[in-house]
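One structure follows; several queries about it will come next.
Order of writing sets the labels: A, B, C, D, E and F. Residues in every chain begin at 1.
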Amino acid sequence: MKIRVILPTIMDTFNQEVQQEFAQYVGKQVEVDVCHLDYGPASVEGEYDEALCIPNLLEKAIAAEQEGCSGVISLCFADPGVKAAREVVNIPVVGAGESSMLIASMLGKSFSVVTVLPHVIHMIENVSKTTGVNSKLASVRYVDIPVLDLVDKAKMEDALFAEMVRAIEDDKAHGLVLGCTGMLGVAASLQERLKQHGYEVPVIDPSFASAKMLESLIAMGVKQSRLTYMPPRQKWRK
Amino acid sequence: MKIRVILPTIMDTFNQEVQQEFAQYVGKQVEVDVCHLDYGPASVEGEYDEALCIPNLLEKAIAAEQEGCSGVISLCFADPGVKAAREVVNIPVVGAGESSMLIASMLGKSFSVVTVLPHVIHMIENVSKTTGVNSKLASVRYVDIPVLDLVDKAKMEDALFAEMVRAIEDDKAHGLVLGCTGMLGVAASLQERLKQHGYEVPVIDPSFASAKMLESLIAMGVKQSRLTYMPPRQKWRK
Amino acid sequence: MKIRVILPTIMDTFNQEVQQEFAQYVGKQVEVDVCHLDYGPASVEGEYDEALCIPNLLEKAIAAEQEGCSGVISLCFADPGVKAAREVVNIPVVGAGESSMLIASMLGKSFSVVTVLPHVIHMIENVSKTTGVNSKLASVRYVDIPVLDLVDKAKMEDALFAEMVRAIEDDKAHGLVLGCTGMLGVAASLQERLKQHGYEVPVIDPSFASAKMLESLIAMGVKQSRLTYMPPRQKWRK
Amino acid sequence: MKIRVILPTIMDTFNQEVQQEFAQYVGKQVEVDVCHLDYGPASVEGEYDEALCIPNLLEKAIAAEQEGCSGVISLCFADPGVKAAREVVNIPVVGAGESSMLIASMLGKSFSVVTVLPHVIHMIENVSKTTGVNSKLASVRYVDIPVLDLVDKAKMEDALFAEMVRAIEDDKAHGLVLGCTGMLGVAASLQERLKQHGYEVPVIDPSFASAKMLESLIAMGVKQSRLTYMPPRQKWRK
Amino acid sequence: MKIRVILPTIMDTFNQEVQQEFAQYVGKQVEVDVCHLDYGPASVEGEYDEALCIPNLLEKAIAAEQEGCSGVISLCFADPGVKAAREVVNIPVVGAGESSMLIASMLGKSFSVVTVLPHVIHMIENVSKTTGVNSKLASVRYVDIPVLDLVDKAKMEDALFAEMVRAIEDDKAHGLVLGCTGMLGVAASLQERLKQHGYEVPVIDPSFASAKMLESLIAMGVKQSRLTYMPPRQKWRK
Amino acid sequence: MKIRVILPTIMDTFNQEVQQEFAQYVGKQVEVDVCHLDYGPASVEGEYDEALCIPNLLEKAIAAEQEGCSGVISLCFADPGVKAAREVVNIPVVGAGESSMLIASMLGKSFSVVTVLPHVIHMIENVSKTTGVNSKLASVRYVDIPVLDLVDKAKMEDALFAEMVRAIEDDKAHGLVLGCTGMLGVAASLQERLKQHGYEVPVIDPSFASAKMLESLIAMGVKQSRLTYMPPRQKWRK
């Protein structure tokens, strides 16, 4: 079984790390393919970037199905193209934002998302509204670090920790979600660090969550509803 | 003063009619420019179409500002590209869906939207959720006629009338919104026909609503919040 | 075309200023009539005042229709008598509160209202609930200045500016609405002042918003739903 | 201890019946005073009637306090003047609509209101929204009988029974509220009749509910919050 | 007429005080029986305690009906066993949490609950959600005093007062509810103390509220809906 | 790795089938232990049954942790004891109802649950409210077959199919959830049968969903928040 992880940007910076991380997320029988875009933005940090990344992402999703993949992940917290891709392929499509917020909804009375920049706050709030879990969302906070600067992991972790404590203390968050798929490999240590400071709360990695959610859907033999996500009608497009 | 109406499809079928209609909607001092896309879908009837129409729509919006327009309308009920365009231009951007649903929220305790195809029901519901008026939305119904077949106006009107009566009787709608901007020029006669059948309810044309909403914003000197719709950061895009 | 603006108080202090402002809000073909009440309160600063102003406001609304007006505005942020007036006239009736909050809902992910006194906070919250946009309302703040003391415009503006910054910083408001129609002529300068302080957000004048909303409804040929606002049955009243 | 029941109409038709019913509702130590209006409408069947009944109702509420009453009931399902009266008296004020809907919220997963005429549906829905129990309201139905025709009790009961069954079967109501205080003395028999037909659900009489709610508040020594319902400021009113 | 108050713990510490208090809450014709559990927890301070107290509480409720009681109160703010007891008896069952929150919903635009420990915050929030008044709940605060330490009334009152002021100032609560039935006999003095500090708000004692609510239901002849709370089917249980 | 599936009834009827099914749900490295209760009800078909099953279920959950299990499932759609168990163990605890409703929330704009009996409708609605996905729940329907009669799989499937079609056609459900964990092994065939009738929608088996959700949590190294689910304080319990 093979799944395709689409990084919705033109950068190949994260490909190898994503590949390695996902290999650890999923069962051994699952092959993880990672790809990035041929055209689009260098990172998704707003509605404009999101709009530009979707057309090629959809082509990549269609290719994934044609190449025998059993499911597709749009690896960005804003879930770019997830709804559109669901119309054009017959395999399950999941986003990292929705996957992690749904799981967080189960683990406590409320959760906060800590993301990169203020540009995407309303996008994340809107994902929570269309997914239906907005009543559990305590707040969306940000570390004010652009996606491509997340490579400085120590700086990122410190900034995340500070905002997480504010989310718990000020916004009454009882769970935490990393609000960018570029925040790879820090969930466990942040969870541990919070615990040492007296906050025993789940910290959810959206990449990990999307991998497990997709794996679950494939195992269960379910995918997006065709009553919501109908196949596009034949028509002229250029 | 000049406003730009962007038809988010590659068809020029509606340009002239839209031009003529909008000229009647707005004040005499307002010049209405209508344009369609260079690349994209022939009609917007789902998430996939929407995704494909946005990149060129954004270019058209940027061009509109550069050419001195005071505001931009994305003329499709699903409001494609409205949020992204708000990031990239400094003039107000409005969508036909949000404009008409906001006005409908004021005129009665509830309203229904009657659109073209079942493919777009969840998209319209999601617009109502992110705009914040979902508690007033009684239902989204459809006439099962593709956009490009709306040229048969008599057929369209009969189908709209039938669904509108069902919306009133079955879904307790107290107001009605035409759910496709291709449904041009029929709101007044449908309102009259419903009145003759004992239903004195407002029927809102989304094109007309978007024109008045944009004209109002320009007059008031307000536009989208830069705290929600932040300008995209400089970065590599291809 | 003529519209009637009803000031729901017995004071004629604001008539001339309102007349002049509204003349600038609407198109040249629109004649603006301003009237105040024969009996009622000197200002509307609570439920009690509101109750006392409505009976004569309704008479004024009926008179407006009989005298050939095409629409009526109840010029107070609490929208006194708007729902009742909609039952008794066949021309559109709009309130300043609902008009401005609906427009604010479109321009950003959230908005705050800054009003005069704490007495009216729950009234404004209730207008947001019955209009259906309460999920977008971040907060209602107040400057603690009675309506009739708003004549000191410098003091009012400073107080408004201070609360607006708090609304943005503390309540995460992304748009602002002046919460009293007595706050005339300050929206543009407050919007500019906020921009100079780094907050590029829309500041909505409720009088202006009501004028444009009414003008839009008249142009579109729509008015309140008769399924919600049914004409009163004939009966004995004294 | 004395309570004042204000019938917010100019009719004295119901005074004696209301007096007798309320005497049975409350404890023996409670004296029930019933009064009607000096000026206003003959019945409250819409927003217009409501607006006209409030000014005198407020005078009656103030008089009640001055005459030593311990609490006031506005005896109409739309709760006319309740909010305004709360500002002007220092004794608890309750409405029949809010009282009965709150109690119904406790007794089952949902409830429906069956009222007189379609004119008041949105008013009742709005009371549920501002009281905060709208998520429990399954529907508002009506028997299409004007208030003053409710004297034909057999006809009223049959019509109520028919709509109640529809509310249960079609709207999934698990509790029922009589939606007009003119529907006196039929709750118990309707509850019994429904039970005989297999529907063992509570049927709540709004007059009875308001009496018990007021009695409870007085006993508990609580009244409306002065942070929500502030006393009106001194000012010129005529 | 006799009502049964079930203290859902194995402690008899509060029995006498509860008995005396309730005798003052209800009319003279009402006999108040107080009982505690034979097995279960010493106090209810979390989901685990709640689960352990319910089985015997249900036996006590069944016994109450068999012994001729007209109604049952589960005297704990988390309303343990209320829903289950409603299935197994044919007399009204009420909880202290739901009763007090419903009454608070009527008295102001919002209310806060001040409870004992952080363990029960989400339980109280969940009661507000299933009762349907969560939109009126400003916050749940706690004094950080275990139930069995509430015997130090001076300490409890001071702690409650401090949190109540925070609820008003920080959370915009316009009413207050004591969030533990162990907080007996302090509501009136706290209400007075808040008033002296300028906060004229209702302070609701949940025990008192439950007594009046049950008395009201019995008087009105209504009880829980059998469509929601169906009698358990016959089956093997051990 | 070992997980414990607790059937919250005293029947061992389903143990073997559950064991076999779960072995297929999870990865090969996961050992599935199934146990039933020593005391409690024969099935969970209401609040009363639920209350009776929880005490022993909690003992079983504690034993599971002590015996080295990595996670616990409460295998009943009403999620009995899930919240309480989360307090007393340090391994993740999931319920079948919340797991399946969360996954359903992702796959379409709405979903319906089809359960066994009307007794549990409000319980399922309440789970959706406390989990936070109630806005996606189109309806809860039932086949009117007691849990222990579900052994007639052909009858169950036919009844489920009929209600599922009604959920889609009448309630606008775009996804379906089996509302009882006794409905084992029929999801796939029902999904196929619906597809053949033109309804290509996901049908979610709650047992399968709970297995995948637990497996995901364990893999991700997250569990319930200790800010929501605090360990019970030491105290006397009998």
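Assume contacts are C-beta pairs under 8 Å (C-beta built on N, C-alpha and C of every residue); 3 or more make two chains touch, one makes a residue touch a chain.
Values in this document were obtained by computation on a predicted structure and should not be read as measured data.
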Intersection of contact partners for chain D and chain E: C, F
Most distant chain from chain E, judged by the mean position of its C-alpha atoms: B
Far-end chain from chain D, centres as C-alpha averages: A
Chain pair among D-E, C-D or A-F whose interface repeats that of E-F, sharing over half of the contact pairs by residue number: C-D
Centroid distance [mean C-alpha coordinates] between chain D and chain B, Å: 43
Multi-chain contact residues (two or more partners), chain C: 108-109, 121-122, 174, 227-229
Pairs of chains found to touch, sorted by chain label: A-B, A-C, A-E, A-F, B-C, B-D, B-F, C-D, C-E, D-E, D-F, E-F
Chain A residues within the chain C interface of the complex: 121-122, 125
Chain D to chain F touching residues, read off their complex: 108-109, 174
Chain F residues touching chain A - in the complex, by the definition given at the top: 25, 27, 94, 98-99, 102-103, 105-109, 131-133, 135-136, 168, 174-175, 187-188, 191, 199-205, 208-209, 212-213, 215-217, 219-229
Chain E partner contacts - residues on chain F that touch it in the complex: 10, 39-43, 45-52, 54-55, 58, 81, 83-84, 86-88, 117-119, 121-122, 126, 129-130, 146, 148, 227-230, 232-233, 235-238
